[in-house]
Amino acid sequence: QAEKKQSFKVCWSIYVGWIPWDYGAAQGIVDKWADKYDIDIDVVQINDYIESINQYTAGQYDGCTMTNMDALTIPAAGGVDTTALIVGDFSNGNDGIVLKNKDSLADIKGQNVNLVELSVSHYLLARALDSVGLSERDLTVVNTSDADLVSAYQTDDVTAVATWNPLLSAITAEPGAHKVFDSSQIPGEIIDLMVVNSATLKDNPALGKALTGAWYEIMADMKSKGAKGDEARDHMASVAGTDRAGFAQQLDATRMFYQPEEAVAFVNSAELKTTMQRVAEFSFEHGLLGDGAPDAGFVGVQTPSGVYGADGNIKLRFDPAYMEMAAKGEL
Amino acid sequence: MAAIEIKNLWKEYGDQVVLERLNAKVEEGEFVTIVGASGCGKTTFLKMMLGTEQASRGQLLLDGEPIAAEPDETRGIVFQRYSVLPHLSALRNVMLAGELSANRWLGLAFGARRRALRDEAREMLESVGLSQALDKYPHELSGGMQQRLALAQTLIKRPRILLLDEPFGALDPGIRRDMHKLVLDLWQKQNLTVFMITHDLAEGFYLGTRLWVFDKERLDPQDPGRYGARVTYDLPVGNSDKGTLQSISHSVDSTARALA
Amino acid sequence: MAAIEIKNLWKEYGDQVVLERLNAKVEEGEFVTIVGASGCGKTTFLKMMLGTEQASRGQLLLDGEPIAAEPDETRGIVFQRYSVLPHLSALRNVMLAGELSANRWLGLAFGARRRALRDEAREMLESVGLSQALDKYPHELSGGMQQRLALAQTLIKRPRILLLDEPFGALDPGIRRDMHKLVLDLWQKQNLTVFMITHDLAEGFYLGTRLWVFDKERLDPQDPGRYGARVTYDLPVGNSDKGTLQSISHSVDSTARALA
Amino acid sequence: MKKLINREPGRVGKWALGLLPFVLLAICYLVASDARLEANPNDKLLPAMSSFVDAIDRMAFEPSKRTGEYQLWVDTVASLKRLALGVLISASIGLVFGIATGTIPYLRAGFSPLITGLSLVPPMAILPVLFIIFGLGELAKVMLIIIGITPFIIRDMQQRAEEIPAEQVIKMQTLGANTWQIVLRLVWPQVMPRLLSAVRLSLGSAWLFLIAAEAIAATEGLGYRIFLVRRYLAMDTILPYVVWITFLAFIIDFTLARYSRWRYPWFHGAQ
Amino acid sequence: MKKLINREPGRVGKWALGLLPFVLLAICYLVASDARLEANPNDKLLPAMSSFVDAIDRMAFEPSKRTGEYQLWVDTVASLKRLALGVLISASIGLVFGIATGTIPYLRAGFSPLITGLSLVPPMAILPVLFIIFGLGELAKVMLIIIGITPFIIRDMQQRAEEIPAEQVIKMQTLGANTWQIVLRLVWPQVMPRLLSAVRLSLGSAWLFLIAAEAIAATEGLGYRIFLVRRYLAMDTILPYVVWITFLAFIIDFTLARYSRWRYPWFHGAQ
């Protein structure tokens, strides 16, 4: 039902894997690629991550940055057919679980765990508990807004938190804090995406091409060694509210796909389908797929290695086509 | 034909009869003073004259037509309190009537019209002795000055009928006498028909050409609302021998005690 | 020795002189009525008697001692308004004084003490004609009933001095006469010393054993606050020939006009 | 024809006119919702009426699959407890301090500027400080309400206490009352109905702070639920919750108003 | 010895008593901060005075490295703009609707129930809906303020308009005024000063909503900054910002009060 359009809006929020968009917008890289395909792309920063996804789901934006889990549970479960255009990275230590004055994950039993409920932290917790044979029933989850996690950690009430960077590094810097589990132990499961509305993309391939092209040019700047690379990384560090060293530390915990080939390989692997199945099952158990959902496969997820869930209700598509074009230099 | 005709007028609030069987004719230019015990319905009668209360039965005719059922320009009123607009200076209070008729939408006058209104208002204020207070707000004026201002404001509109509800009740005796003179003066000049309520029998006799006494002829002390008040005396003034005065005063007092 | 002695009393507010050079002696049991133009300082004088205002110069002695500089039990007061406590029923209003002295901390009485207080209060209310209204709240009472209640409340405390600031100003003439009887009655029974302000010269003459007229002897119309009021007449009542009355009335009126 | 200002609708007219905007709003919603659902049957933004019914049924009348509790009632009880506690404590503090500063000039001089200052601090801005001082438990939520509304109540009470006619204070003294008795027998009973109106006035803010606190750290409560399901845009849950909160607010306000009329007839009669 | 209730502190005493609690608070802070810093010199919770000075200097008097702007001023201007716009629009709507429903019985019957209903909806609960309807630009922030305070202002204005003594309305009619003229020459000028007090009363909530809105979607503004640095517990930034907001709130309130006294002497004189 979408038509050919001239101008597009995509939004992003502050996270290490998405900050490059700000650099791209500020340096005119996005504009350059948009001009090349004769469209306009407006890149908008949104302070609140969830609000950015809600806005995308409500149709205010054509594309948005989000994780694989949120892409499944919010737009896809809300009937907005969504395509993961760019797979930028996966979290490789950027999400973690911290215990106060305890150093083993099993000690989490019986504690209150403060985290943003229903977020990837929650998922991480579920996966961590699996790994030590516990379940969510063995502890109490306390929903805590991410803006307040750091100050919450200062209080005696809070003994366990699950969160992401940069909050994670602020909390682990506190005396007595022990990181007992992090996303490097479940590599490839928390994936950071740029998603776009499938219908819009279908009718406007130029949008996909421009965004993908811009992204890999940004990636090239970001990983280059010289002054240009430093400038790019400094820009991103200051947007993240930290310095070069702090940003480097966050990057270390992120598995960036600087090359399109890496991302294409990742998407094409059979692991992705398994990951999405885990995520879907977790989401279903927590009611995130909506009340209409009879089972975890209610929302179909299309990956190159096959469809997980209902064939007739595919709403989330991992489509490496545009990244392949980038890899082949066809953009 | 009498200017105002009251034909078998009743007023009831639910079960309570306030006024019953009022009948009277008032000519243009009469000055009717009204006395009566507190709560016997004097203000209610004035409200019916004004159009803010409607009769339960009977008719109130002005020039043979039922009187308008809402306040309008034919009838001016001065209450005991709240009679001037607190947000306007004395001069603007008096200019108001002219401004309202000068411009239907803005209620303001401009240019020559405005100057004319101002001069007229100034003259009026002078005649009530407020030429020193043109630019003062009502809260800066004493009670007596406020009531004089209210009179000026009302009379500049030249209403046919002037209604006064104890306008001088809150004033010092001396000031009150000044006001009496003023009212009589303006009444004669403008040929007004005046209805004035007062608590003070002597004032009633002194000012009016005609004095009405509202009183309950029948009084059930267990249920004072059972019967309404009527005009029990309707005296052309001049006829005020001492006996009448005392007997009026006596009957009003005993009603007052029953109602208090 | 006189109970109350006023020695060269002045009261100034900033530049404005309100009262000047007051001198008088009042014996126990006298009934002093005070008249005067509005704004000439009658209430101010009463406030000094009460202790809520302090003299600028001079002295106010009670039994030879300076009178207490804050209200206390020796002096009872009835204002024109706000004279009873709106949150207590009539009976509780009258019981209040007893309750306050019964228990220093709670201000409440219990058991036999409470019953005694209630009976006493009931009796008092009966004597002011409010036996039908024991459990009514003040807002359910008419103005006259409220003032009777205020009197009952004040007198049950048996103050030495009773201060009345136009207590009957808002009442109907008939009701007012009833109140006069009541006050005279209680005054005699309790041997009170009374100071009562009134606007009504006739009331002043009728009630008092002594009438004070507050007036400005010297008056600067450009600056009315330049000179203060004094007691210009101090008449033992009985001496009220018609000439005096008229000349008082005349001088008070002209002051009132200047101040208005 | 009377002037517009003098014309009053009748009884039936009043009801009809009053209901009209609500009906119009409902129709607008239905039209907009239909349009969106036509385009995307899974749209979450403006769910159909049937989704509301389902959601309400699920939340209020079916035990939750995960915990076995009736979600709506658990949330309601949790929130109302916090609200009641916060408002009660605020009202008590407001009463005591308001009476003290409103009655005793020395206390007024000492505390008034502080209270004025505190009333201007936006509580949301000092949330981190609050957490650290009061922890993250129930106490913190209740404290946010208290910090949010107490300065207002104190100031209102102070003003009301100051408004008591000086004549009545003098009267009490002539009847032999000392300062404490004046407070106990005059000021306190007279400000009580005003405390009720102050509480009614501040209930809106109290809800606001409650919801804000629950959004930040909680395991149940109406605000918690709304902010949680916001994560997946479950408007079919959010809107009934909002209506429910509005309804609760209305009931509380109405009850307080009625109680005040019944308990303090002299206050309402005299106005 | 006078009763406590009759004793007033003198001019100097008043100032001294008023300042005392502030001084005590400052001392408490310093002691607590010292104690914490002794235990952990990197403690962020209660920074030393010197950290405040540094932070203020950095924010107010040094251009930001990234953008070259003076951060505090940029934030202040952004927030004040939103606040002013939101409050102005709310006041205008409140004035128009309040006068309309307060003056014309037919309009009152139609709108009053709706406005009462709306005033009870907690705006924080419908934040997600608001953002979706109004987007995330300036509009949404201003709208949150408007939705938060307008119902209150309308209701206040309506009540004030209804409170105008019936005698004055009658008076206007006897002077020949029609309904529109009554609104224009009587009701409107008389509710204006009351509008100012309503605005003053609702400024607290307006700040609250502004901060809440900026916390969710903004790139500058006082609330944005506080929520941004809250993630890192940068109390050396948060506390000066809080003090600054409090100060701004005070100045605005004071200015409005003064303006009202100057512009509407009859209103304040008559009270």
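In order of appearance the chains are A, B, C, D and E, and numbering begins at 1 in each one.
Just so we're on the same page, a contact is a pair of C-beta atoms (placed from the backbone, for glycine too) under 8 Å apart; a residue touches a chain by one contact, two chains touch by 3 or more.
For clarity, every value in this text was computed on a predicted model and none was experimentally measured.
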Study note, to complete from the structure: Hopping only between chains that touch, the fewest steps from subunit A to subunit B number 2
Point to revise | Any chain that touches subunit E and subunit C | key: B, D
Exercise for review: Give the chain pair, either A-E or C-D, that is connected by more C-beta contacts.
Suggested key: C-D
Check your understanding: Rounded to the nearest whole Å, what is the centre-to-centre distance of subunit A and subunit D, using the mean of the C-alpha atoms as each centre?
Key -> 39
Study note, to complete from the structure: Here the gap between subunit B and subunit D, centre to centre from mean Cα coordinates and rounded to Å, is 48
Practice item. Take the average of all CA coordinates in subunit D, do the same for subunit E, and state the distance between these two points in whole angstrom. Key: 18
Revision key, fill the gap. Between the Cα centroids of subunit B and subunit C the separation in whole angstrom comes to 34
Review point. Using the touch rule from the top of the page, what residues of subunit D touch 2 or more other chains?
Key: 3, 45, 127-128, 132, 173, 178, 215, 230, 233
Point to revise | Residues of subunit A engaged with two or more neighbouring chains | key: 54, 58, 148, 151, 154
Study note, to complete from the structure: Among subunit B residues, those touching two or more other chains are 70
Exercise for review: All pairs of touching chains, please: list them by chain label.
Suggested key: A-D, A-E, B-C, B-D, B-E, C-D, C-E, D-E
Study note, to complete from the structure: So, in the complex, the side of subunit C touching subunit B is made of residues 37-38, 142, 144-145, 172-175, 177-178, 199, 201, 249, 252-254, 256-257, 259-260
**Study point:** Touching residues on subunit A, where the partner in the complex is subunit E
**Key:** 44-48, 51, 54-55, 58, 60, 146-151, 154, 166-167, 170, 175, 235, 238-239, 241
Exercise for review: Can you check the complex and tell me which residues of subunit E touch subunit B?
Suggested key: 165-168, 170-178, 180-181, 184-186, 189-190, 264-267, 269-270
Study note, to complete from the structure: The subunit D residues in contact with subunit A across the complex are 39-45, 54-55, 58, 65-66, 127-128, 131-132, 135-137, 215-219, 224, 227-228, 230-234, 236
Point to revise | Partner subunit D, residues of subunit B touching it in the complex | key: 69-70
